[in-house]
């Protein structure tokens, strides 16, 4: 077992543990912090797979931007106390059991997949480099790229529509 | 062109009537249109008798394998004639009835007529289905808008029931269509296909079709929409419903069920006939206890139709002939019956038998008409119904497809005894005996009523004495149906 | 391609029109012009005139099916805008933004009707749903609207992640995102592929509001402003089904044996839940919402059958369904009382509206000589042609009969019950459009090849 | 002169014409006109009938087909009339007796208003028409038309006074009981058709020998069921006494002279079939005799003058059937004829009495009418003698012919039959004595009004009395000299002469006169018993007899009530809760399901996702582990 | 590493996300659980991409690139989604001062 393997195991365990903590934490702020930890762990796994570009983007976009946004919102709402009312026990139990069953079923089904002999080679390869990805993105994937810009536009419009305080002069809103 | 005119005239005039403003012109126009239909049907009759082929086909929905193909054969001729005859009769008989939004009323009536005519002449399964629905939908509006207190519930029950039946039939039609080698809805293709289908398939299709037809007829135990609806809807609507519309089911069994899925019809014949025969007895027994005239007539109609149902599935030539002539006769009789009931209600303000009595003293003419029509309903010889019932009984008795033919005949025969009991009971209680409050100030029939009832009585007697005039029409088609549904040759093959 | 680009561009234009144009009617007319442009560009593309030649590397293919579907979608949207623009104004102050979002959605729709790559399916669906989250929540002061929006968002994001997991698993087997590449996998299908397919099935079922993944739909549709409910329940739902059939035909056509049973079960469940629940509703809006679910059940028959009849039929169904439902919602949006009682005596005060609504309802119920019948007919035909699971077809028609109950309940309320309905503000254009819609419903019912002709000419 | 018989259609045509004229123009025509038309048409028929009879007597017979009544493939039912010995004889009886009764009615019904007068005559004419059709029909279907037609007319005439509910009920009863019998007839017809392929008498009878015994037995029994309805035999006889509700001429016409003999005619007509079915014959004989005795016992204690006559009719019909049952078809027919004369006579005389008594029908309130109603009395006496079977009155010969055949056939039946004739004599003379002898027991007012009827009424009585006297000579047994059995010989083309073991002449003589003597003794006993009659309460058997063995009540309990109860149950319970309940139940279930399924839509994201996850689990488990 | 390990890891994370959605009531945490699910997908895609690269590099040097591109797009879309999602949550919070998803049952039918 080489270093990469060991790292894989450590990062895997870290990711799973952090995920559990995200779910289990009472305080939303802790959840966010655990989530950031997951992102780091996953970025680590990306690096092991030589997907350096994605690893970086993951850290910058996810951990850096999105999670900060989350934190910001939580703070804004002053939700950083563990005041979340608990779901009823039955619901929790049902959720955990059915989730566990789902995992069990999927794992049992997929463990015999014909890809079981295939490996994801670690530590080699250069497709994850920004140069290769950039070429592909701007040659083959130009349409999706443009589309995603439209997507952002619509998200932006959405943020404006939803976030902008409407002046109270508009009394005719809605049907009720 | 005549079959097209059958459909187009009522359709166009029906649509036109929606734009009428006043009641008087709408009424006259509707009558005029129905008279034109009558004239055309008589023209058609003469043309048919002289051996012309009354058919018309034009491509429509061709990519679906369907076409606008209509043809008037003997059976269609009889049914178109009865539709064409009954509409003017109904309009005249209810000439004095007042309707809210009369133009809509007459428009819908004529649309129904178009649908009915279409059903009787369609030679394409999909077209048949279209007209089947076209006949029912205006009926839904008619029944919902003009009638008694509880009409809406009764109508929705009727409509969901029949719609369920017709969509199941649609599945059957599509299924058969998908099985035809050339993907066609034409009746010839269906007949041809029927010879090759396996029994299991036929069984499915049989029930899909039969349910629709049984609901429409209605055959016990699918009849529960009928008494309620007849009771609740206006009299002229009831006349159309019971006089013409129920014939759709009978007709469809003969045209679309027996010849197409003959093996299943043969195998299930006993069951269906039992249902029909039970229905005869059941409805007759219930009719004995009805106090409401309309309900009584409604149940009597179930019994009469039950007999037709039983005859159809006994698959005999004489029986088919009997059914076809009886379709016409039953229409005349029941319309007459409804007219009488309607007049009683109008004159006395009630339909309750227990509140009536001695009407013959006040309205002797009405009493005589009622007597003749009532006796026609109990199939007295020299009235039209005797001919039909005689032939139908004969058909059931001589059936070779069932081994219970004697049992069926006897049980169905008990039905005619019961019919005599309830009809005479009704006549006695309504017309004879002492006057009651409701009948004390009743008046006798007026000119329009006399006219209509006379026409009906003349038809009753004419068909009772010289039925051959109609029997000649249906000879050929009866043979065709019989030969198409003849299972003996098929059974040897399978 | 024409429509895709034009709609995206016009969406951007609309964003700015809100700033530049002060008159709301001007904005509206601007949007209508844009829509007409998009529609005519799409029709031009059908006849072979393509404005933009962009190499999509096979990720988008504008074939006859997708172009015809697009035409129906754009035409429906145009009609929708004509009859509903007044109501859109009443939702909130961001009038131009709403219209811009609608254009973005149209852009997404033209993606999902013509995708060949799962990536574009994903992007298209996101491009449809993200603006929809916003439109659902656009009535900001209304708690129902807020809640609907949040629910829709959370559930939608959940289903998106299911879809992505499905795509990932499929990618694992095929190494490509092209939907056709899935179909060419030979031999016994891999478990991974099946798992991915089923996950995709779930998420598509979710988008198309097919039971048991339909739960979001009643809540979101009900909470959203009625005018947007109309759009979501018609155009967007139609687009989901188009994407659904395209995906399953291209990618999983060869695996029909694996998924057909599930389709059958989902179809039956959808029909059952949609119809049965609709019966009990006291509000016309909710009735229409559940009816849209039950109609989805019928559209599912096309996906279940997946043969040439099915594709034709789906086109027909979408057209019929959109026309009728848009018309109904257009009238409904003008009403102040959504209950059935609110419609009592409607025919007396508004004979024209009542007549057109009756035609729409008859069409939805599948009465012959309306477009609704032909489309249902096609669905049944397609399903019967598969030659097995006849029970499903029978169940479907039984449910169609059940649907009579609630559709006709509205007719009954309008025509046969006494009551008074306050005068509705209707413009001549509104009335004319409604009549046009009704005429189209009847016309398609009598001559369905007017539409289907375009698939083959 | 074969062609001469082509005019046969005139026979039924005249009454039909009369029916139409009197029926349609009853409000326009005067009463005199109505009476003239009503009588003239029957008289015309009578004349044609006589002419036909003469033709037939010369050995002619004729079948005329007029048009296709029903034709469907191989089934061809022509509208055909047949003239042969049997039908010509019946034509004569029917038209003759009918004409006398019509004539009588002119005066008897004169108090009716014009409209109802017209109605009465139109019904009567229609009746004659139907009866003629029945008799002349050349196949079973035409016969059946007449068969049901007379049923209808009896219904109409019994219910002639339609304001009275009881009368109408009696009319209904008559029609319905006839209908029950008709069903038997109908099925018999179908059976015949399916076995022989035709309804024509000629064809059916020629093929009869080829039928299996079972078929013939079933057919004949079914036909007999038809006959029991029309001819008032056990078990369908109860309508006839009730049918006395109609005006007296109607009773005379329908329920004595003509309609009720239809069953006899039909069986005589089908004698070919019956001869092939000994079992049926046996049953007919038993039923006929049982009816004869039963009705006779009931007649003993009846107090309504018409009821007594009605039961005597039932009883006499029983004798006719006994005759048919033992194979003496011509004897049966002979008795039909004589019975027509004397029973018409009795009824019309009773009508005269009732008229005189201002409508009173209860013989307990009569008595001593002999003085005031001389003609009526004597004619009634003739009738009584004739029916009792005292030589040389007509009833003697006809009844004797039946009894003789019975004797040849079965001695026990013979003894019982003799007992029946004694009963007949007893109740008839009881009737006579109570009515005409002793003291008047009615009110003073009735007494004041007592008078002999006008000539218009008494004339028919006299004519009938003469016929009752001489009628018997038509078929006088050969032992009284040459030229006997003329009727039997006349009928021979239709009813083959039987060549059974005949009894010796001395025995025959003895068999004739012993009963006659016994009858005379019974009459004497009756004289002693009733010359000073005091009405008294009946007890024991008398009460049972007075109440007609409680048969009506029994039928009511066993058939009528349960039928209505069943109807009521089906209507109120079964239809509502089962058939309709099922349909509505489905509706309710759907509604309930709607409420329940609605609850799934809880509005909570958690439960939505849970449901979705569970569905996913379900699909995955089945897809991966359970599907193969 | 065998690809199965990645599949299992990814599925585990994915399921934890689902369980989180099921058992938490805080809208933001539910949202974060969805992000966990997305990341699980991303990880799987990258792993598959490497697998396909190894299998197909001989024929085509860029084999497996598209998987990583897809991951990139997922991130982009996730960002857009987060924008809108958070906007909705904030809007909601402004109205009811809570982001408990179980408050959301006013739409109950």
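Letters A, B, C, D and E mark the chains in the order given here, with residues in each chain numbered from 1 onward.
Operating definition for what follows: a contact is a pair of C-beta atoms (placed from the backbone, for glycine too) under 8 Å apart; a residue touches a chain by one contact, two chains touch by 3 or more.
Please read these numbers as outputs of a predicted model, since none were measured by experiment.
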Between subunit A and subunit B, the fewest steps along chains that touch one another: 2
Chains linked by the largest number of contacting C-beta pairs: A-E
From subunit D, the most remote chain by mean C-alpha position: A
For subunit A paired with subunit D, centre-to-centre distance based on mean C-alpha positions, whole Å: 101
Subunit B and subunit C: spacing of chain centres that average the CA atoms, whole Å: 43
Centre distance in Å when subunit A and subunit E are each reduced to the mean of their C-alpha atoms: 5
Separation of mean Cα positions, subunit E and subunit C [Å, integer]: 27
Two or more partner chains touched - positions in subunit A: 87, 91, 94-95, 98-99, 102, 106, 109-110, 113, 115, 140-141, 144, 148, 151, 154-155, 158, 162
Contacts with 2+ other chains: residues of subunit B: none
Residue list for subunit D, restricted to those that touch at least two other chains: 598, 601, 603, 605-606, 609-610, 613, 616, 620, 624
Chains that touch, pairwise: A-C, A-D, A-E, B-C, B-D, C-D, C-E, D-E
Subunit E-touching residues of subunit C, taken from the complex the two chains share: 119, 122-123, 126, 130, 133-134, 137, 140-141, 143-144, 146-151, 153-154, 157-158, 160-161, 164-165, 167-169, 171-172, 175-177, 192, 218-219, 222-223, 277, 281, 286
Interface residues, subunit D side, partner subunit A - complex: 606-607, 610, 613-614, 616-617, 620-621, 624-625
Footprint of subunit E on subunit A - complex, ascending: 4-5, 8, 12, 15-16, 19-20, 22-23, 28, 31-32, 35, 38-39, 42, 45-46, 49-51, 53-54, 57-58, 61-62, 65-66, 69-70, 73-74, 76-77, 79, 84-87, 91-92, 94-96, 98-100, 102-103, 106-107, 110-111, 113, 115-122, 125, 127-128, 132-133, 136-137, 140-141, 144, 148, 151-152, 154-156, 158-159, 162-163
Subunit B-touching residues of subunit C, taken from the complex the two chains share: 362, 366-369, 373, 377, 380-381, 384-385, 387, 390, 393-394, 397-398, 400-402, 404-405, 408, 412, 415-416, 448-449, 452
Of subunit C, residues touching subunit A in the complex: 8, 11-12, 15, 54, 56-57, 59-60, 90-94, 97-98, 100-101, 104, 107, 111, 119-120, 123-124, 126-127, 130-131, 133-134, 137-142, 144-145, 172-173, 190-192, 195, 225-226, 333, 336
